[in-house]
Amino acid sequence: MSKIKVGVNGYGVIGKRVADAIRAQSDMELVGISDIISDYRLKTAAMLGIPVHSSLAAAEGEMKNAGIPIAGTFDKLISEVDVMVDCTPKGIAAKNLEKYKTAGVKAVLQGGEKHSVTGHSFVAQANYSSALNRDATRVVSCNTTSIIRTLGALHDASLLKKARGVLIRRATDPWESDHSGVMNTVVPESHIPSHQGPDAQTVRPELDLVTIAAKAAHTQCHNHYWVIELTRPASREEVLDAFRAAPRIAFIRMSDGIVALNSTIDLMQDLGRPRGDMWEVALWEDVLAVNGNEAYYTYQVDNQAIAIPENIDAIRALTGTVKDGRESIRMTDEAMGIKRCFLY
Amino acid sequence: MSKIKVGVNGYGVIGKRVADAIRAQSDMELVGISDIISDYRLKTAAMLGIPVHSSLAAAEGEMKNAGIPIAGTFDKLISEVDVMVDCTPKGIAAKNLEKYKTAGVKAVLQGGEKHSVTGHSFVAQANYSSALNRDATRVVSCNTTSIIRTLGALHDASLLKKARGVLIRRATDPWESDHSGVMNTVVPESHIPSHQGPDAQTVRPELDLVTIAAKAAHTQCHNHYWVIELTRPASREEVLDAFRAAPRIAFIRMSDGIVALNSTIDLMQDLGRPRGDMWEVALWEDVLAVNGNEAYYTYQVDNQAIAIPENIDAIRALTGTVKDGRESIRMTDEAMGIKRCFLY
Amino acid sequence: MSKIKVGVNGYGVIGKRVADAIRAQSDMELVGISDIISDYRLKTAAMLGIPVHSSLAAAEGEMKNAGIPIAGTFDKLISEVDVMVDCTPKGIAAKNLEKYKTAGVKAVLQGGEKHSVTGHSFVAQANYSSALNRDATRVVSCNTTSIIRTLGALHDASLLKKARGVLIRRATDPWESDHSGVMNTVVPESHIPSHQGPDAQTVRPELDLVTIAAKAAHTQCHNHYWVIELTRPASREEVLDAFRAAPRIAFIRMSDGIVALNSTIDLMQDLGRPRGDMWEVALWEDVLAVNGNEAYYTYQVDNQAIAIPENIDAIRALTGTVKDGRESIRMTDEAMGIKRCFLY
Amino acid sequence: MSKIKVGVNGYGVIGKRVADAIRAQSDMELVGISDIISDYRLKTAAMLGIPVHSSLAAAEGEMKNAGIPIAGTFDKLISEVDVMVDCTPKGIAAKNLEKYKTAGVKAVLQGGEKHSVTGHSFVAQANYSSALNRDATRVVSCNTTSIIRTLGALHDASLLKKARGVLIRRATDPWESDHSGVMNTVVPESHIPSHQGPDAQTVRPELDLVTIAAKAAHTQCHNHYWVIELTRPASREEVLDAFRAAPRIAFIRMSDGIVALNSTIDLMQDLGRPRGDMWEVALWEDVLAVNGNEAYYTYQVDNQAIAIPENIDAIRALTGTVKDGRESIRMTDEAMGIKRCFLY
C-alpha cells in the first residue's frame, strides 16, 4: 500500500513535533515542511534531511542566506501531498484553508483556529468516525484534548454527572525568551467560565462542565484540578477503572517520587522520550479521592506534546485509510511509544 | 482606662506585623518583643525604640555583639504583660504555653499550632464571643482565615449549601532566599482534601467544604478558586451583597487594571500601606459569576498580613476589655485603615 | 519664598514616585499630574487629592467614566507650572519638549530619552552645577545613576583606573503582568559593551568603563558586579572610605542577614519606606574585596526608586533656586529620609 | 580486547548520565549501578535492564517492595568491576574511597569532593596524562570544567594574561521541587573570590583568574561572563581560533535565534540529544568582543551534562587502556555525538 503523503506548514513548537511523529509512522511519508523563518529550528530540520520549503517568496532569500537549502515554494509542497497539517500561528491556517481545498488537499488545523473554520473538531477517541473522509478538521488544543480524554472516560463509564475544573496554565513555553512570560504572580482569567469548557463541547456537547482558568509562573505543562459530581456513589477503583479503559491517560504516583510537574518531565527524559515529550494525560493515581458521589483529582498536560498523536489520527481519518479509530490509535501509539503505565 | 500590655514573642514575618498593629491601637501598649536572632529585623526593631528581649540566654551574647540593646529576658517580658502574642515557628508556642499559664498571662497563638493546643480557634467575625476571657486562643492561618470570612459570609446570608475550592498557594515568602522555594513548577498537595477545609471547621463546623491545594512558583499571596453550590438559585447581586455584609472582604476589579496578584500588591503600595500589606480578602467583583444555583469566584490572600487584625481582636477577646466582637473589629479596622473598598 | 510649581506628566512607575517626592519637599508644590489611563493608579492619585489632568482629549471621557475627576487639560497644567517632570514612556517626552519650551516651562526628562534630546544628562553629585538654569536636562536611567555614584566616588578619590562590570538586570517590573517577563532563563544582551557604559560617559566622559549586561528571571532590582583596576595598590578601608565620602551610597552586610536582593527589599519595608523603595545604591560592605591594585564588589539598584532624588535635585538646578548641588542633595535627602547607613 | 567493567554508585542527576555514557562506549561495559532510593529513577533503570544494587542493607527491603529487582549488594558490585564512578552526594564518596582501594578498584569521584581526597583533579584536555594508571581522580565540577576548557584554550594559544569572571549560577536543578530553589531574587555569593577560581587552579595552577559568583532565579544551566586581559593586542578571529582549537567548546549565535539559556536547551532537544543534554561549553560567537588587549565573552554551561564526557575519559586514564588523552577524547566524543558546531 502506498504511504500517505503529508506536508507540515509551520515548523514551530507543534509543527516540529508533528513532523517527528509523521516520520515515525510506517503508513506515512513526510514530503516536506514549509516556514518563513531561518533560525536554529529550520537549520536543524535541514540538517536532518527534511525538505524545507519557503512559505513566502519574501522569506526565501533570508532562508538561503542562512544556509538553509530550499526545496521549493509552499505551493509546490501543496501540490505534492495528500494532507497538509497546518501548525502556523493563530488565524493563518484559516486563510490557507481555501488554498488546500482548491488543490484538493486534506487539511488538519490546530486548536488555535475556531471550530467554525472547519466545522469539525477532533479528538481521536471521541469522534474519529465523524472525521472520516472529511476535507478538513481541527485538532483541539492541549487543554481541551485532556478534558475530552478524561471526562469522556468518565462519561463513557456512565459515571459523569457534572464536572467543575480549575486549570492552572503555564505562562509561556519553555523555549520562549522574548518578553512573553508572567513573573512571580498568578493571573486569573478575567471571565468565568473560561473558553476551554465550551471548546470541549464542540467535540462532546453532552458534557456538563465549567472551567475556570489562570496562568501561573512556570513554563512547562498545564495542571488541572477537577471536582466531579458522579451519577451515583462509586468506589475509588470504579473511577480509576473508567480512566484505565480509555486510551492516552497514564497514571503517575506521588509515591514514586513524581511530586510536581517538573518530576514528570524528568521522568519523560529518563524514559528517553524525544524532547522529553509526554503525549499522555498524566493523572495522579494516588491523589485521586472519591467521597460518596464526588470525585476529586489532578492531572498534568504537556501542552507541547499532548495533541501530537491526535494529529496523526486525524491524517488517517481524513484520508479514510483506516476506518476504525481504535485501530488508528493503536497504530499511532505503538509507533510513538505511547503508554498506559510509565513505570511498569 | 489603662492600656492592655502586650508582648510579642518571635519577631519574624508575622510577629513584626503584629507589633506594628499593636502600636497602632489606642487601647494597647507594646511592652516589648522577644527573639533569638540578631539580624536586620531585630536591629530595625531596636532602631524603632522597641524594647528587645532575648528568648534564650544563649542568644543574648550574639544579640549584644550585633549592637542590639537587650531590655531583658523572655521571663522578664512575660512578667510585665497581660497578653503574649506568640509568633514563633511551628511547635514552639505550644511549648511556651505552659509558661504563659503559670505566669497568669493570656496567650494568642498562630495557625501553625494545632487546634488542640488551646482548644479554641479564632476568626473575629465568626466566634469572638466564645473567646471572651479564655486563657488562650489560636488565630487560624491565612488560608483558613480567608475561607471563614468568605464562606462564613455566604453561610450567614443563608446562601451556602456546599463549597469546593482549589487553593493555589505561594511557594515561599517574598523575603526568603535560603533555598526554600519551588521553581518553574507546580506542586500539588499529595492528599485531597487538603488540611485547610478541616481547619476551617475548627472555627465553623457547620460548613460543607472541600479544599484541594497546590503550590505555584510565585512568592507573594495565595489565590483561591471556589465553586459554590447555593441553597437556591440566586442573582449575582445577592451573592455580592452577602460578601458586602461581611467585614474584611474588599472588592477588586479587572476593569481597574487589577489583573493579577502583583497588581494588587502594587495597589497596596500606592495606598501607602505599611510593607504593602493587605489585611482584607481581595475578591474580584467582576470575575464572580452566578449560574442558577452555582457561584464561581476567585480571591487573593496576602499570607503575610491577613491574620494580623485577627490577632488584635483576639487580644481584646481574651482580656474581655471589649465584649462585642463587632466593636473590636470596628476599632481594629479604624486604627489600621482596613477598608471595604480600596478605590472609592 | 514662593515654592517651585511642578507638574508630573506620566503617572506610572517613575511618575508616581516623583510626585510623592515632590510632595515631601518644603520648597516645592505639586500642581498636578497628567496621564491618559484610567486604572487603579490614577484612581489612587485622585483619592489622595492630587489634581489629575488628561494628556489627550480622547482619553478624558474614559477617565471621567472611571470616576476620576479631571482638573483640566495637559496644556492647562503646563500653563500653571515652573517645571514639568516628564515620566512618559520612551520617546514621548522628546516630542513634548517643544511644547514645554514654547510655554517657557523647564523640563526634566528620564533616562529612556536620548542624551541628545536635551544635550545634558544629570546625576546630582556629578554635574549639578552644569544644569543650573538650563531649559531642560535628562535624569539618567537607574543603572547609569548607580554607576556614576559608585565609579564617580572612586574617581573622586583618585583610585579609579578602569572598571569592568557585569550588570544582571531584573526582567520586568514587579507590578507588570501583561506578558512582559523572561522566565526560567538568563538573556545575555547581544552586544558587548552594553549601552550603560557609554551612557555613563554622557555624565562623566573621563571614566574608563565597559559594561556587559544580561536579564535574569526576577522582577525587582538590578545587581551589578564590578572588577576595578585601581590607580595604585590600596587597602580595603581606603576603597570603602571613597564610597563613604559620596552621597546616596549605603552599605549593607551579609552578616546582618541581607543575603540577597529580596532581603534588602524586606529591610526597606521594615524601615517603613514608602512602597519599600530604596533610593540609595546598596553596596555589600562585607563582600567588597581588594587585592593589590584590584577591587571587586557587588551592589543592588532599586530600578524603580534610585533616580527619584535626582529628579528632585534636577528641578532645583533648572530653576536655579539652589546654587550648590551639595545643598540640594542635603535638602532632598533629609526630606525623603535617604541614608548612608540603614541599620545604625 | 576485553571491555572495561564499570559500576556507578549513586544514580541521581550525574550518575544516570554517566551510566548512559558508559553504555554508549564500545570499550566499556556497565556492570551495574547502586543506590539507596526506590523512586522513578531506579524503576526506570530497572526497566532499561540495568542491574540495580542496594548500597545499604537497610534500603534493600524498600527497593524490593517498590518492585525493583535487586541484583546484589554494593560490595558485590565492587567485586565485579575495574572502575567505580562514584556520583553520590557530597562527602559520601570520600568515605567509600577506602573500600574501593581495598578491593583494588579504580575510582572516579565528582567535583563535590575536595581535591585532597584523591590528590588529583581531572579535565581531559588539561591533564589526562597525569591521571594515567592512578588509583583515583576527581572530575571537577561543571563550572570548573568550563573554565579549564575555555581559559585553557586561551592559555594554550599564549593569549591569556589574566581573567576575571562573573558566574551566574542556576538556583537549583530543573527536576528539584522539594524546597530547594531561590525565587524572584539574585543571591550573590558572600565571598569574593568564589571557590571556582582556586578550584580551577587545582587542574591548571598557572592560570591567573578571579571568579565572582551569584545564584539567579532559573533552574537550568550556568552562565559565565568573562573579562580577559590578553598577553597582547589581538584580533577577534585570533581569539575565536584559540577556542576553535580546543575540544568540547561549541559556538552558538544570537543570529541563529539562540538568544538565551533556554534557546540552547530547545536546540539540544531539536538535535535529539538524550535528556536535552549539552556536553559542550556553548560560547556565543557573535557576542564575543575584543578591544585592544581585552576580550569579553559569555558562555553557557549545562551543569547536569558538561562533566559527563570527562568521567568517561577519566575511566580510560585510570585503567591506562588508552595512553593518549586526545585519542580518548576522540573516542568519547564520537560515541556520544559531541560537536564543535551544532548547526553546520
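First chain written, first letter: the chains are A, B, C and D, and each begins at residue 1.
Criterion: contacts are C-beta pairs under 8 Å (C-beta built on N, C-alpha and C of every residue); 3 or more make two chains touch, one makes a residue touch a chain.
The structure displayed is predicted, hence computed values, not measured ones.
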### Query
Of all chains present, which has the mean Cα position farthest from that of chain C?
A
### Message
With contacts counted as defined, which of the two, A-C or B-C, has more C-beta pairs across the interface?
### Response
B-C
### Query
When the centre of a chain is set as the mean of its C-alpha atoms, what distance in Å lies between chain C and chain D?
43
### Task
Starting from the mean Cα coordinates of chain A and chain C, work out the distance between those two points in Å.
47
### Message
I'd like the Å distance between the centres of chain B and chain C, where a centre is the mean of that chain's Cα atoms.
### Response
36
## Note on the structure
Among chain B residues, those touching two or more other chains are 174, 176-177, 182-185, 187, 217-219, 259-260, 262
### Query
Of all residues in chain C, which touch chain A in the complex?
171-172, 174, 176-177, 179-185, 187, 217-219
### Message
Help me check something: in the complex, which residues belonging to chain A touch chain B?
### Response
164, 166, 168, 182, 184-188, 190-193, 210, 212, 214, 216-221, 223, 225, 227, 254, 259-262, 284, 286-289, 291, 294, 296-298
### Task
Could you please specify the touching residues of chain C with respect to chain B in the complex?
16, 37, 39-41, 43-44, 47, 66-67, 174-178, 183-184, 219, 256-260, 262-263, 265-267, 269-272, 274-276, 342-344
